[in-house]
Structure formats: C-alpha cells, structure tokens
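Dropping a structure here in structure tokens format, bear with me for questions.
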Amino acid sequence: MKKTSVRTRVLTGTVVAAALAAATVGAVSASAESTETPAVPAAVKADTQNKNLAQSSGLTIDAATRAAQAALDAATKAGQHVSVAVVDRDGVTRVLLKGDGAGPQAPASAERKAFTAVSWNAPTSELAKRLAQAPNLKDIPGTLFLAGGAPIQSKGAPIAAVGVAGAPSGDLDEQFAQAGVAELAK
Amino acid sequence: MKKTSVRTRVLTGTVVAAALAAATVGAVSASAESTETPAVPAAVKADTQNKNLAQSSGLTIDAATRAAQAALDAATKAGQHVSVAVVDRDGVTRVLLKGDGAGPQAPASAERKAFTAVSWNAPTSELAKRLAQAPNLKDIPGTLFLAGGAPIQSKGAPIAAVGVAGAPSGDLDEQFAQAGVAELAK
Amino acid sequence: MKKTSVRTRVLTGTVVAAALAAATVGAVSASAESTETPAVPAAVKADTQNKNLAQSSGLTIDAATRAAQAALDAATKAGQHVSVAVVDRDGVTRVLLKGDGAGPQAPASAERKAFTAVSWNAPTSELAKRLAQAPNLKDIPGTLFLAGGAPIQSKGAPIAAVGVAGAPSGDLDEQFAQAGVAELAK
Amino acid sequence: MKKTSVRTRVLTGTVVAAALAAATVGAVSASAESTETPAVPAAVKADTQNKNLAQSSGLTIDAATRAAQAALDAATKAGQHVSVAVVDRDGVTRVLLKGDGAGPQAPASAERKAFTAVSWNAPTSELAKRLAQAPNLKDIPGTLFLAGGAPIQSKGAPIAAVGVAGAPSGDLDEQFAQAGVAELAK
Amino acid sequence: MKKTSVRTRVLTGTVVAAALAAATVGAVSASAESTETPAVPAAVKADTQNKNLAQSSGLTIDAATRAAQAALDAATKAGQHVSVAVVDRDGVTRVLLKGDGAGPQAPASAERKAFTAVSWNAPTSELAKRLAQAPNLKDIPGTLFLAGGAPIQSKGAPIAAVGVAGAPSGDLDEQFAQAGVAELAK
Amino acid sequence: MKKTSVRTRVLTGTVVAAALAAATVGAVSASAESTETPAVPAAVKADTQNKNLAQSSGLTIDAATRAAQAALDAATKAGQHVSVAVVDRDGVTRVLLKGDGAGPQAPASAERKAFTAVSWNAPTSELAKRLAQAPNLKDIPGTLFLAGGAPIQSKGAPIAAVGVAGAPSGDLDEQFAQAGVAELAK
Amino acid sequence: MKKTSVRTRVLTGTVVAAALAAATVGAVSASAESTETPAVPAAVKADTQNKNLAQSSGLTIDAATRAAQAALDAATKAGQHVSVAVVDRDGVTRVLLKGDGAGPQAPASAERKAFTAVSWNAPTSELAKRLAQAPNLKDIPGTLFLAGGAPIQSKGAPIAAVGVAGAPSGDLDEQFAQAGVAELAK
Amino acid sequence: MKKTSVRTRVLTGTVVAAALAAATVGAVSASAESTETPAVPAAVKADTQNKNLAQSSGLTIDAATRAAQAALDAATKAGQHVSVAVVDRDGVTRVLLKGDGAGPQAPASAERKAFTAVSWNAPTSELAKRLAQAPNLKDIPGTLFLAGGAPIQSKGAPIAAVGVAGAPSGDLDEQFAQAGVAELAK
C-alpha cells in the first residue's frame, strides 16, 4: 500500500469549508428563508456516447485505505482509541477499521458520521448546527449528527466521506477525519 | 406512459390545505383542547351487495408513476437531485425513483415522508408543526416529520402520498411533491 | 360482533380448491412447461369515472374478526392451542389472536402462512408442494411454506387470507384456517 | 364470543388512576427526589408446593378479545378509524385489530402504547409526563410515550394493557383504550 | 444462590422422553397420517374466581439461574466452551450465560434452541428429526433445529427450556442442557 | 419521459447469455474444477488524471425508468400482475414499480432478483442452476435465486439489473425482465 | 458458584467516580472547550513476544455471574423487580438475568445501559449529563442514556459493565448496578 | 503501515489444516459417533493475580490490516474483484475492505465467512462439508457456510479470521483469505 506522491485535485477539509461558505451565499440570495442547506452537486456526468449512461467518480480502494489509515494514525498519535470508516457516494462502506482499544459503539458511529457527511456534502460538525432549523433531519435512517464526519469532494461534489468515532469529543474525531481527507491531497 | 388529459377529482396540494383547514374547524368545535389533529376520513365504503366486503380507492400504477415522474421533473428543472416515492394508503411503496445524483439518505427519507403524509392526511410541513403539541408522534415507526410529503386525496380521504427528499430544504422537497400531486389533476 | 346471516359470495375453502384446479387447467394449456403456478387474478377494477383510480375489495374488520374467531373456535373445540392471523391483500395483518397456551412461535408463523396464502391465492398446503419445482420460492421475505394458510377470495381473486399455527400438524392448522374462511360464507 | 356478565376484580381505567395516585404518595414519602415512577407490583406468586415455580395471572384470549373489541366499538361509535392492541405482561401481542380505514402507522403505534403501559403499569398519558424528568426513557426499545395505552391490573399489578392509535388525539385514543379496560369489569 | 434440596415435580429430561412417547401414541390413534407432532399441553388454568383470568406456571429466576449454572458446569467439566440460555414459555430469555471461550455464534444459537424446545415441548434432537416430514418448520422465525435444547415441564406442559451451544456436537450440547433440566429435580 | 431512439451499446438479454457462455469457456480452461462461476468484470476505470479516483458507469434515471416501464408493460400485455425493480451496481434500488394487483411478496422479490443478477452478472435463471454446485450461495444476505432477474451490462460488466416478480413462473418473470433490458438497446 | 474472598484490583463504583473526576480535570486543562468526555483508556497491551498480538483483560464468567447476582440480590432486597446485564468490553452480553416480575422493557434496557457504560467508561448517570453538551450522542446505535449502568474497570480501563433496569428510578437501578460492581472487590 | 519482518507464532493456513486433522483424530477416539466437529480451544487464560479476570489474545489493528491487505493484494493479482473482512474472536469486524469492482453482495459475505471460520476454528471450506452431518448448522444467525473464510490461530485457538468474497469460486476466495493469514507468519 504505497502512498502516491502526486498531488491530486481532491479537496482537503479546509477547502471544503470554504466551498460550503460560498455555496451558502449563493443559496441565500436565491431563496433566503426556505433553504436550510446548500444544494449538493453531483459527481455524475452524462456519457456523451451513450445516452443511457452516466459516469461517476469514486475513490479507488487504495485511496480509501490510505485516507482511513491516515485518520487512524492521527488518532493514535493523539493517544486516542477510535474506529474509522470511509464510505462512497452511495453510503456504502469501502473501508472500516476498528482501532486497538476502540469501544463497541465506535464502528457504527464512524460509519453513520461518514454516511451523514457524504449525504449533505459537509462536515458533520456543520450539519449538527443545521438541526437548530430542521431538528428532525436526524431521524432520517442511517444518519448521525455528531462531529467526526468529513466529506471527500471532487470538483465540489461529494464522492466519499471519512468518519471517525471514539475520541473524547466529536471535535477531536473530526480533526482525525480531516487528516484522512488531507492525505488524499498530498 | 401517456398522460391522461381527463381532469380527475383527485385534489391538488392547494385544495388539500383548504380541506384540512375546514376539517380543523369542525374538530375544534367538538373537543377544542384534546384534539391535536383533524380526523382522517377513510376511502373505504361498505359493499352493498356483500356485508363482508368494503371497497377502497387507490391509484393505478399509471397514475402513481406519472405523479412520481412529475415530482422528479420539477426537481430536475430546479437543478435539484432528489428521490421520489409514491405510497398507497397502506404505506406500501408503489413507485420509487432515485434520481441522478441523489444522496444515499434520500430514498428512505422520501418513503417515510410519503408514509407520514398518508397516515395523517396532511403535508408533512403541516405535520411537523404538530410536534409542538405532541412531540413523541415522531417516535412512531416508519414516520419522518420533515417537509416533503404530500397526500393524494379522493373525496377528502387519503388514498396515497408523494414524498420527495434530497433538495437543500424540506420546503423545496414539498414543492416538488406537490407538483406530483398536481399532475393527477390535469 | 353479531354474525351476519346473509350468505355472501366469498368462496369457502372447498370452492377455493375447485377454482384453483380450473385455473391450473387453463394455465397449462397456455404454457405447459414454464408455468409453475396459476396466475393470480386481482380484485382491482379501473374506476370508470376517474382514470387515475382503481377500486379494490377487502374484508371489513367485522368480517375479518369473525373469520379469525371461527378459526380459533375450531381449534379450541379440537383441543389445540393456536394463533390465528387474518391478513389483507397487501399482506398487512388485520386481526391477530394468540390463543390460550399457544407457543411463542405461533403468532409469526400464523402471519406468514396467511401472507403466503394471499400472495399466491392458494392454501399453503398446495403451495408447499410447488417447492418441488421451485425450491427457492421459500426464500422470498415474509413467506412460510407450511400448511395452515388459506386464501379468502372474491370472484376468484385473493382479497385476504387466514393463517393458523400451533397444532401438531399443518394439516390440522389448515382445517382450522378453512373453518375461518367458511365462516364468511354463512 | 359471548360477554361474561360476572363482575370481576380486574380494575377499570378509573380505578387505575386512583391506585397510581396512592402509590405515588407512598413512593414520595420513601425517597422523594430519586424516584421517578411508582414501583411496579408483580402478578407473580411463589408456588407453595414447588419452590422452583411461580404462578402468574394473565388474561384469557376471550377476555383480551372482548377488551379489544370494546375499544374498537368505542372508537367506531365516535367516528374514528383506529387500531387496537392487547398485550400481555411480557409485552407479547394477544390481540391486534386494524379497524376499517385505520392508517398504516396505527397498528405498530397501538402495540407500542400497550407495551409501554404494561411496562410501567400506568396509562401512557401519565407516562408521557414523566419524560419531563427522565426524557431518555423514550429511547428504550419497544416503547412509545403517547397517550392511548392503558394497563389492565389484577390486585394492583399489571397483567396486560390495551393500546389504541389512529384518532386525531392521543386523549381520544386513550378514552377508547379505557373503554376496553372497563369492559372487563362488567 | 443456594440450591434447594427439595425434590420438585419438574420433570427431568429422561421423563420428558417418556412423556413424549406416550403422547405420540395417543396422537397416532387419533389421526395417524396427518399429525406430525404430539399436541403441546398448556400450563395455563382458568382462574376459578375470575373468568377473565388464567393462571400459568413459570420458573422463578432462582430456579432458572440454577438450571443455567448446572448446564454450564456440566460443559466446563467436559472441557467445553459453551453458552447457555433459559427461556420461559413465551420464548423470552430469563437467563443467558456466555461461558469463557465460547464462540460468537453460541449465545444466539443457545437462545434459539431453547426457544424451539419450549415451542414444541421436546428436545431439539427430537425436533430435528421431524424436519424429515415437515422440512419448512425450520423457516419459522426464532427457531433452530439443532440438538442442544431441552424443555422444562410442569405436569407435562412446557414452562421453560434450556438451550446450550458451543460444544463440538449438538448431542454434547443437549447433554449439558439436560443436566440443567435435571438440576431442578434434585 | 421520451424514449431515446439512439441504439446504445448496452447489451440485451440475448447477448448477455452469449457473453456468459464465452466467459465460462475461458474460466473452465483456467481452473476447471474449482471455478463455480465466471469472473465478474468491473465497469470501473482508473482516472488518468487523478490516481485516487476511478470512473464508473451507471444508468441514468431516465434509462432506468424506461427499462422498468418496458418490463411492466410486457407483463401487463401478458395479463400478469408484477412488481419491477431496477438496481444499480451497488445493489441500490433506482426504480421500483408495484404494478396493479401485484401481490405483497412481489416488490421485495423483484429487488432481490435484481440484486442477485447484478452481483454475479448473470440472469437469475442461470444463477439458480449454480446452486447445484454451491447450494449455500443462497444464504448470502440480500440474494434470491429465482428466475426473474437480468443484468444490464456495459462492455461486458454489470452496471445495473432488472428484477421482476409476480408472474406464475420465474421464467415468465425473466422474460419481462429481459424486455426491460432490451428496451435500452433500442 | 462460590464467591471468591480474595480482594481483587477491580475498582468499585465509588472509586470509579473518583477516577473520572480526576480524569476530567486533566482533560479540561488540555482542551477546555472541545473535549466533551474524558479519554477512555484501553485494557489492551502489546504482546512482547509477538508483535501481531495484543492481550486484553476481561471478566471470567464466574465473576460476571457473581456481579449480576449481587445486583439482582440488591434489587430484590429493596423490593424491586429488575433485569440485570453484564457486558464485556465489546458490548457483548456475558450474563443476562430477567428477575421475577420484571417488565418486558427491562432486559433490553439493562443491556443498553451496560453497553453505554462500557463504551464511555462511566456510570450512565454521568453520561446522561453529557447530553447537555452533545445531545446527539444518544443516537449512536445500541446506547441508552439512562442511569443504571456502571463500568467495571481494571487499572482504570473499562473491561465490562453492569446494567440494571426496572426500578422506579434510574438512580435506584444504578445503586443495584454498583452493588454488582462492588461484589467483585470483596 | 510498515510490515513487520519478525516471524510470529501465528499459524498459517496450512498449519491450520494439520492441526485440525490432529484434533479430529483425538475427538474421534473419544466419542466417535456423536462428535460432529473438533472442540474449539480458547485463547483465554485465568489471570494469576486476580481471580476475576481472564487474559485473551487478539490481533493488533496493524496486524489485522496487513492480513486484510495481503488478501486483497492476492485477489487483485489474480484479477479478481473482492471484499475482505477480518473479524476478532467475538466475531466483531476489525477491518473491512470493499475492493474496486466488488459486487454489492461481497462485504456481508466476507464478514459472515470470517465469522463462521472464527466460530468453529476451521476454514469454511471444511465447515461446509460438516453440513452433510448437521445441515441446520447453517441456520445459526451470522454464519455463512461457503469457502472463503480462514481462521487465525494462536497456540491452536482461534483469535481472528479472514473472510473473502467475490471471486468466481469459494475456493479462490479461500486462497486469498489464506494469503492474508500467511502474511502474519512472515
């Protein structure tokens, strides 16, 4: 599992936040009171040669594994026992790691944070704030509105997400998740 | 899948709201403080020839598909990636469409919104407000109290519902759902 | 819960068998080798006044309860401890009775037998035989291919079913289920 | 299904409330601040002839069916479309009726209300108030803290419960449930 | 947890087999070809003072724990790593023990064997043989037709069962389960 | 929902069978006795500009809806009441249609047939035969080994599948499913 | 099941609270606003002889059973009807006891309280308070934030937990759970 | 994620088979006809300093990840698209990898194969043969009796397992799983 040294166009967590801010501005000008979240762009393109088909982007398993490993390494370096999940745009788990000493609640929590981040194309710390306006969002099956999930984007669209659970705070979990996202930009 | 040009008696979303307002008035006069929601009329009639049987109305698959397609078309025109569900009076899914680029949370969310709308014969945007009085309604299995579900009525009784999920706000989702309902009144 | 004395057109168990035999003949002549089961007619009719609607027949709760009670009474008279379920055409339980002394496996078993009978419009004793040709039918979720389920028909189409479980043999269970069906023909 | 005319010792809903009030007083004097709910007495007695055994009381299926039917009749008389469930002390459904025109959410709601009422030996309207002190009670699997469930007691201990769902308010649902309980005191 | 030295009337595993044999004879004379299993008697009695109530027998938690412990001790003595479950007549788990070194499949397996034994009032080694005649019995939810479950009877009726899983063969598992049953006859 | 008249490269059912036959030959020469099924090619390509990404092909919702509708139309023309599902390569449902008069078992059956076909890139009628060699394949969660599922391929790799259920035989179901696949080659 | 009289190093409930207080202080000084909970130490050690392996501590079934029995005895002495669960560090149930007269909600509640306590290494009464800062923690699957769960520690790390449910208040439940923990320090 | 070059004592797949053969011989001499499978030794040891505790061995996440990666690499080299799971002795997933192009059925299949292998301490190809004697073993929840699972042992006891799914045959899957096991012996 060698790490690629090529700098890719996958955005890191920091860029994600910037992109979201921009998107929000646009949305607000369009329909200020009714839009709770920025629209989620899609990493899907019509196939020019076959009208029945669309092409979509996703992570290779090699990239997904490197992201997960980087998140776990960041947690271990900080002395935390966590689980890490990487899900694809369909919310399907590509990589799951249950770290040494992680609690029994951690794997499902990591998977749901990643599922939530990829669903709305935003870090779960941001999404948790949106519950103030739409509290029942959290009743959608498969979601978890706790900090610790971070989307992986390609040209602004969510193609995957990293979720981390098990640290004493969601903010720490999300730092580790962002370390996983950042790994793909090296 | 040709569209029928006959104007049917299925009520559109706008009429739904009016009917509900009227029903609420009646209910209030009867038991002002204890009634949280208007009574739900039933599209079931005793069979005059056989006392064991009752007749009930439902959508044809052709009508259900047209409603779903109209809701999806409305979302696509607005640049949104959504899922659409049409359920019958038993809450059973008749049509499910997962649009291009819709997130993984969208199909179950659409189905639950439709289930909720058909259960209480009201748009889920209305139903979400009722949680102020009865917050635990949302713990009933299968429900989701988020805007985006709209009932389809026949003579005031719910016979189906359209649910939409995936737009940046529930209000947008519900606009698309209402476009699906309106299709049946063309 | 008074019993109606009007003789209805709901077919009894015996008539069911006859109808099935006839249907099988027809099916065989059409496509002798590929058809495993007779086609299931539908108790659904287009609504002549509204192209979007279809009318379907179902049991009233009064009729469903009488059928369930008659099945339970037949079992009790035979000294057996059973559960009885009546489901509608959507497979949804209308009545469930867990009789005195019935085992913990009986209610789910009764519901699944009824679900299976209404799905294929035949007694489950017949359906169990069809597994010889299509053994994986029994892997369809919600089904149980054990004698004890009997369909309730209207003009040959399944509109409900009675399921019984808990007697020492499925044949006994089915006798009680047929007693439930027969009650509606009184 | 003839109704017994013998007046039994099963308490009606009204008496239930009285008993609860009394129990609360006693509990308060014992440990005022830490006790959220009155203790639940058990309808279980040691078997004097065999130390390994305990005897427990439950409803006969005949009694459970009469209670369910009475609750449904009360709802029908009030023009409401509901589902009714009667569960035993183990929370297992003895009788389930899905009334004509009841919504798809009603059966599970009725079962959970009955489950909740038998678990804490109180009407669910009372139990819903206890959430003010212990809001996470409602996260216990199988429960639903909505008015509409009423316990059936024998010598103060819960031996069964009736749950009703589908009316415009939980208070109406609970009235019907109490009508089911009261039937057993006739 | 002191052991009672009083010899109770709970039947041991050996007596169970005898009772079953007798019951089978009776059943055969009644309906030789259609009865797959002996009828299951019920440990439920009408309450002479209240027509609405029935009395049923069950194990005390003390007895259930002693039975489970005896089964585990027998396995440990034989050098086997097992799980043990004791369920009541409703199939509800009263005691579950996951022994040292028992595999992850053992607890659910033990619970299902006990569930199966109490459902049909026979050791699961016997019940597994009945699949020759009724192979789809094993599709009933909650059941497992593997040796290792043994019913606990009172006056011939099943009131509980012990299930054991984890030994190299079901026969060994059932020996340990029978040791649990036998403990109650000391 | 206009139909595209462009002939696409999506293979029809007939071509599928041919491709499978070829693949089997290759597989047999490589490891004759151990290979139960042909290898499944993947519609995933490395992204030449970003080593972290892979591109994959899928159906547009428009194409998926046309396929589903064509399958339903074929069934309706044959007088059969069925459900139709179209799933993507992840097994996620893109379109579900529950036709008029289809039984309650049909939707889940259609979804599972489609899931199974896309998993192994073959019609389920073929896959059912493979159970002779590997009978426990059918225990994999989400699968159903009954005729009625047909894969949709792009360059030999499965990108979606159509599943149909409800006709009297799986062979009929599969004919309708193949009509759905064939629609995309028009 | 003899009780060991050797005083072990397993910490009692009281010590648990003290340790938590200390840990919180340390955490606060490190990152005051972002850390919601103290870090959870792990009872896992690298194996010095084999780099692939780690050693972890857990309770013997004998110890787990004694703890559960002590908790149940404490409840019985206080006249309460409860269920008790002991789970290991993986959240897997080692012992489950459903006491005489315990309600149907009690076993799952006890298991979830124990699961929650072992996940965060704190009594659930403490953990419930943390919801003020992180309310969505309670949406993590398998958890229950109600007093009544108490962790069992070895050198400060959680290796198991006791959960109790069924008393009129969570505080009482937790007292009984702590009695179970304390038993292991005798 | 550097690979350790130290040769550990974890047994490779080949040694596993040898150990099993030996164990079988011993088992046969003890109880020839009743023992279906060799006893499963436990990687659990009493703690000499604390009678309440037992020590158990498990893989580090580093070792588990290397094993999973080695299995995936072996599959990729052979041109197969698979999923790989590594579970611990409790059957809990430590690592899950869904490889590029793996079908939707593969992850759950890989997890269940690993669960099955660790439960009975044998490759699932061996375990599938045991169904000839005990066909209902495969009804135990969580199991899958298909080749592709291989246990990881420490001193003969199962401490983890690797499961692989997605190749055209289970034999190929198991080869890849054994490559994962072998990695730990390097």
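Brief remarks follow.
All chains are identified by letter, namely A, B, C, D, E, F, G and H, in their written order; residue positions are counted from 1 within each chain.
In this section, contacts are C-beta pairs under 8 Å (C-beta built on N, C-alpha and C of every residue); 3 or more make two chains touch, one makes a residue touch a chain.
Note that the structure is predicted; figures quoted are calculated from it, not measured.
Separation of chain D from chain G in touch steps, taking the shortest path, is 1.
A straight line joining the Cα centres of chain B and chain D is 32 Å long.
In whole angstrom, the spacing between the mean C-alpha positions of chain A and chain D is 45.
Of all residues in chain E, those that touch two or more other chains are 44, 54, 60, 90, 92, 100, 104.
Every pair of chains that touch is listed here: A-B, A-F, A-G, A-H, B-C, B-D, B-F, C-D, C-E, C-F, D-E, D-G, E-G, E-H, F-H, G-H. Chain E makes touch with chain D in their complex at residues 4, 6, 8-10, 44, 46-47, 49-60, 62-63, 88, 90, 92, 154, 159, 184. By the touch rule above, chain E contacts chain G in their complex via residues 1, 60-61, 65, 69, 72, 92-100, 104, 107.
Residues 79-81, 100-101, 103-106, 108-109, 112, 128, 131, 138, 144-146, 165-172 of chain H touch chain F in their complex. Considering their complex, residues 27, 31, 34-44, 54, 89-92, 115-116, 118-120, 134, 136-137, 139-143, 157-158 of chain B touch chain D.
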